[in-house]
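Two complexes, one shared chain (chain A), two partners (chain B, chain C).
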Partner chain A sequence: MTTATASDVSGRSFVDRLKGYSPPSQVLPVLATFALLVGMFGVGSIRYEGFASPQVVLNLFVDNAFLIVLAVGMTFVILTGGIDLSVGSVVALSTMIAASTLRAGWPPTMAVLAVLVTGTTLGLAMGLVIHYFEVQPFIATLAGMFLARGLCYLISVESIPIKDETFQSLSAASITLPGELYVTPTVLISLLVVAIAAWVLHMTRFGRTVYAVGGSESSAMLMGLAVARVKVGVYAISGFCSSLGGLLFALYMLSGYSLHAVGMELDAIAAVVIGGTLLTGGYGLVIGSLLGVLVLGTIQTFISFDGTLSSWWTKISIGVLLLVFVVLQRFFTRREVS
Partner chain B sequence: MRDLTRHRLFWPVLALVLLLAVNAIATPTFLQVRMQDGHLYGSLVDIARNGAPVLLVALGMTLVIATRGIDLSVGAIAAIAGAVACVHIAGSPDPASAGTAITAITLALAVCILLGLWNGFLVSVLGIQPIIATLVLMTAGRGLAMLVTGGQITTVNNAFFKALGAGYFLTLPIAILVSLAVLAITGLITRRTALGMLVEAVGINPEASRLAGVRSRTIIWTVYVFSAFCAGLAGLMIAANTSAADANNAGLWIELDAILAVVIGGTSLAGGRFSLMGTLVAALFIQTLSTTIPTIGIPSETNYLFKAVVVIAVCLLQSPKARAAVWRRSNRSSLVKAGRA
Partner chain C sequence: MTHMSADAHPSSGPRPGDAPSDIEPVVEMTGITITFPGVTALDDVSFRMFPGEVHALMGENGAGKSTLIKALTGVYTIDAGTIRVGGTEQQFAGTATAQAAGVSTVYQEVNLCTNLSVAENMMLGREPRRLGRIDHRRMNRRTREVLARLGLDIAPRSRLGDHPIAVQQLVAIGRAVDIEARVLVLDEPTASLDSEEVDKLFEVVRSLRSQGVAILFVSHFLDQVFAISDRMTVLRNGRLVGEHLTRDVTRLELVEEMLGRELEVLERLDREPSRQPDERRTPVLRAVGLGRKGALAPVDLDVYDGEVIGIAGLLGSGRTELARLLFGADASDSGTVELRGRRVHLRSPRKAVDQRIGFSSENRRSEGVIGDLTVAENMLLGLQAARGWLRPVPPRTRDQLVTKYVEALDIRPANPDALMRNLSGGNQQKVLLARWLIMQPDLLILDEPTRGIDVGAKAQIQQVVDDLARDGMGVVFISAELEEVLRLSDRLVVMRDRHKVDEIPNVQTTTADLMAIIARDEEVARA
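Right after this comes the complex of A and B.
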């Protein structure tokens, strides 16, 4: 059988091989998302004047920097076959902690540190409960979601404005690019997070174990991989990303409020799915999640450019896109199995 | 005594009784039920009436979870049901008549059954994970509800429709009677026929039950339709109670309360085992909890915190690993860390 395959390969001409070329299957869904994004932009630039300007593209990053960071954390969790419903609440809690500690006169670095430590600890605790007590990720993070919202209300029921000078100047800061374009520092932070996440997933032992656990947890265990460390670790990473996303959100809104980011976990999950990550785990790229967030952002831009479409079309179109990608995933995996 | 503590309803009932006792101590008038204008009044009646929508949604959710599924879209379906009914009543030529109310309710429930068929199709025919299949409708559903109402809060003035949420029949609120009736019918159908057992069989192993001759696909499809029907009825109650359809806030987070009720009631999230009475007790427990918190002087917004504590406690109680860890520690027989098995 081996020899037959070998002679098959050697017998094919260069043209045959070129015809038979297909990109690595890992990249295929990401390419589909990218094609969708380009297609949406194409349609937008034909229909609306000024849609295709580079600043519109950059604004996608500016307005969704926090969501990019959230989606990166969610990608880690979904790659292991889990899910994290607490991210939206952790964002709200982060804005609350930042706003209240700054109001109490803490230096900004301490406030940032407090937010990041709280988010990571919360994620770590959920990971420990999920792995060691074998509670379903869905229900454990649901408890985390309630806990974080409850803590928000415990801090304050009212919205707290952020008046700290460092935060205000960071929020107003912009980095000018050639050609009268600009981005905000938050964009750089979010892209840095994407780069680090891609590096961790593809160049480190931890990252490879994440894919292995998602592929088959028991196989990973039998191979002697550090399953416990990875399963707890991804929730800690997601908690860290949520709190960092919360900080970016606080910079975007300049306030802390218990009702910030209601339902943002759904946006993050949708972005990851649209980005081609398989919900059963083990398959997906972090760059896909970035593209997924950009697709969601483009839908928003579409609706604001159009003017006649009402805001609820955002939700409906996100739902439809989610459906299309989930169904595609389903047929894709079914074909591979059979 | 040992048999009593082992009964699956023991812990939920104990929790409910303790919570009621706390209330009775904090406010001595809590347990009083008085007659006024031919209606029953009192905190207990209020708890039962306000808990009716959660109970209904939780009933549907119980069967879905018993098949090892989950339905996240119930809140959105509740909002759609309220929106469809209110828009129909507001747009009809005779907005105050009983006939309009009945057609509105029928129309809304029909829409909900269609949505349930959709969820069931995604889960049972296409084989998509339930949490994701219903997430689609959860995301898009509120958008659809807003599409129906045109983004506005539609108010109606129809006494017959309002009765569903705020009316009384034979001294009792109609909302309670409707949800108890649904509970009774569900109990009869699942426990007096083989249907309940088949649902549990599908939850334990869909493939094995299919090979054993159980129509798994039809059963899974049916529970999603039933869940959507219950959610729609709950949505109608919420809309009727305020005589308005609020697409954004009607039934917001009711799915989480319902899942909480199902889990507290002793239905396993891993499927294959369900308890309708447990769900009833747990739904009342959750409603009592939300009522208790402001009564004993804690801001009502913190009830999420209490719910989180309850979820964690219940999950740890249900988790075999956690039980084993506690048991081992009390026996001091080994130093094996929990979860290293």
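Right after this comes the complex of A and C.
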């Protein structure tokens, strides 16, 4: 007999045991991703000269700023148990709208506004269809994907260069850090988006309801939570993030083109999953998605450092990683259940 | 609910609702009809509640209790009738709008998000905020306070899913009682609670009642209903059969009104001496020193054919943990298990099923209901899986088995092709139980098999278990209801504080004896 020195008889031991619960860790999968990242850098620095330099790390952010923003929006959607296949096309559409409006002489702020409004509206529309007509997110956003890509061609089949001065100077701008390092403004924007998203997801009612809906939509409904607002809202957020990501991509490429960002939605989804977010919803952290993007970026860096590897290795390694992570997640969820 | 004694009638204090003529009802539902394809779930039902009363809604499984509640809160739209809350006609659009009008509800199954923290599950939707930012500090503090009233001291930040179902149920109750409500609806809130928790809940309910809150209470535990309610409304087959002051009816009358017939099978089941264990035989299952760190101290247990072992103990005493270890649902880290004298290593439920062990878990709903399959399919799932998919159960046998158990457990609607999700909570439970009974395992572990099941069906289930044991099945029977354990068991194992503290043959044992054993160890520990 263990020594329960309870003065009341009310199943004390039971209570005691419960007190010992530490908060369960959502952090674990994120740590796994982080460890993977560090491991990859370890291997890289052994194999290639100059791989583990600070600027290489920073370049991961520079080259993937747009993908980070997309992954943030995708995280919101996946946390509710949904999926958004339209993001790649919306990126392309955004570059097109930016490039064509700028060519038509719009002031840059108006062009930016037009892009953001279009993307957000498109996301909102998909959200409304998904929630109110009970259409599968997969189908609704697949339609959105075709629609956005189609609209690109409607604007132009050709690539449109961006010659606007503001855009050009922004594109060329860099922020020098101590130690002869630099980042671009787009990096700051993407990190700001990550920070805001993390804050919203953890500190606001909207954010917590996102998790609730992902955990169990019917329960959230019976708890009297604003399920409709959240379910529609996450697609609007993803739409906004895609268009913002599109703008960053436009700055990166300095052109608008219908064939930009083909398949980028899959990169975003891969990043989110590798970052530890469960595809079934309810579990995941936005910081994980950031790490997921960095993992994808590191794979690319590997390939470019190696020089002999074909770029197909990127896809192959992403595929393998995805598989490993999904299997790991299965393990996690199994353990949760029992 | 074995004894039909009428001595539990509370008779203290002034009874609210004595003079309804001069008090306005806070809820008044008139002529409510709700039809689902093929079923009239409610047929012209009227129902009213007065401020400051506890109103019990009674009826068998499938009588329409939950449906009436969902009509009130707007989860279902009504086909006919009117609903008035606080004097104004209302048609709520769902929990949120009902809540805004002062109707706070705990639905039958725990409807919370297991991926969120305890505090979030309690407070989300009305959590304290500052400039849009959730004040986690205050939220956690408030959660602690509310849970303390329910006698629960758990970390508000811990994840809900890490807690046993009873705790989750208390959190759901906490969520509802913390809302400033005029009407509090509790649909089977006590299904997975032990008497201690129930007492705490009743304290809270009484204090809310004295503040003028009207409380709607659904339970299949008659003791509880008589202990807490002032008035009751009885439904049968979707129709209203009566409204009474609780003190004006006896249990017998109530049960008759609910079932529409007399209840015969409630006497103590006869125990036959031949079913005392014979130490010379090999047991079906012999566990020696079976344990798991943090869950269960090493336990020895023998189960012989044709024997029902009852496991008694308070919530958290380790009774469910023992069941899970026996079945291999959790991995043990000490001890051995022998099946018919052969050492086995039960690494997974799958393995246990192969060895002809069955386990109906206390979380049957979340672990087994497949809403989109029919009743028959849900029932045969286990049998089919055990036979392997290459050897389908012959159609004739299927039909026979399904019909047999639909009848034996009184599943309603008695239609094997009904979709599982359209069954009432209690009837879903019965189907899941049937899934295991159909497989006729050598050893069947039943964790709270009669939870949420009405008085009539409960007796039937006990009868079925008894019959199976007579036919040679070994049964491990776990229930929070000591009367039930005593009625069925040949031998009793008492658990406390994750230890097996006693094992006695069930000869003339009473609930008082059992409680004494459980409490004795408290004394020892205290001394």
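One rule holds for everything that comes next: the second predicted complex is superposed on the first by the 314 of 338 C-alpha atoms of A that agree within 3 Å, B and C clash if a C-alpha of one lies under 4 Å from a C-alpha of the other, contacts with A are read in each partner's own complex, and residues count from 1 in each chain.
One rule holds for everything that comes next: a contact is a pair of C-beta atoms (placed from the backbone, for glycine too) under 8 Å apart; a residue touches a chain by one contact, two chains touch by 3 or more.
Keep in mind the model is a prediction, meaning the values are calculated, not measured.
Once the two complexes are laid over each other on the shared chain, residue contacts for A:T209 go to chain C alone; chain B is not touched. Shared-chain residue A:T308: touches no atom of chain B or chain C. In the superposition on chain A, A:Y283 makes contact with chain C only, while chain B stays out of contact range.
Contacts of A:G224 after superposition on the shared chain: chain C is touched, whereas chain B is not. In the superposition on chain A, A:T109 makes contact with neither chain B nor chain C. In the overlay built on the shared chain, the residue A:V129 is in contact with chain B alone; chain C does not reach it. By the touch criterion stated above, A:S169 is placed in contact with neither chain B nor chain C. Looking at the complex, you find that chain B touches chain A at residues 70, 122, 126-129, 131-133, 135-144, 146-147, 151, 247, 256, 259, 263, 269-270, 299, 301-309, 311-312, 315-316, 319-322, 338-339. Within the complex formed with chain B, the chain A residues making contact are 83, 129, 131-136, 138-140, 142-147, 149-151, 153-154, 157, 228, 258, 266, 269-270, 273, 279-280, 310-316, 318-320, 322-323, 326-327, 330, 334. Across the interface of their complex, chain C is touched by residues 1-7, 9-11, 13-15, 17-19, 21-24, 203-205, 208-209, 211-212, 214-216, 218-226, 282-283, 336-338 of chain A.
Chain C meets chain A in the complex at residues 75, 94-96, 98-99, 105, 107, 111-117, 120-121, 124-125, 127, 129, 132-134, 151-155, 157-159, 161-163, 167, 175, 194, 196, 314-317, 329-330, 367, 496-499, 501, 519, 521-522, 524-526.
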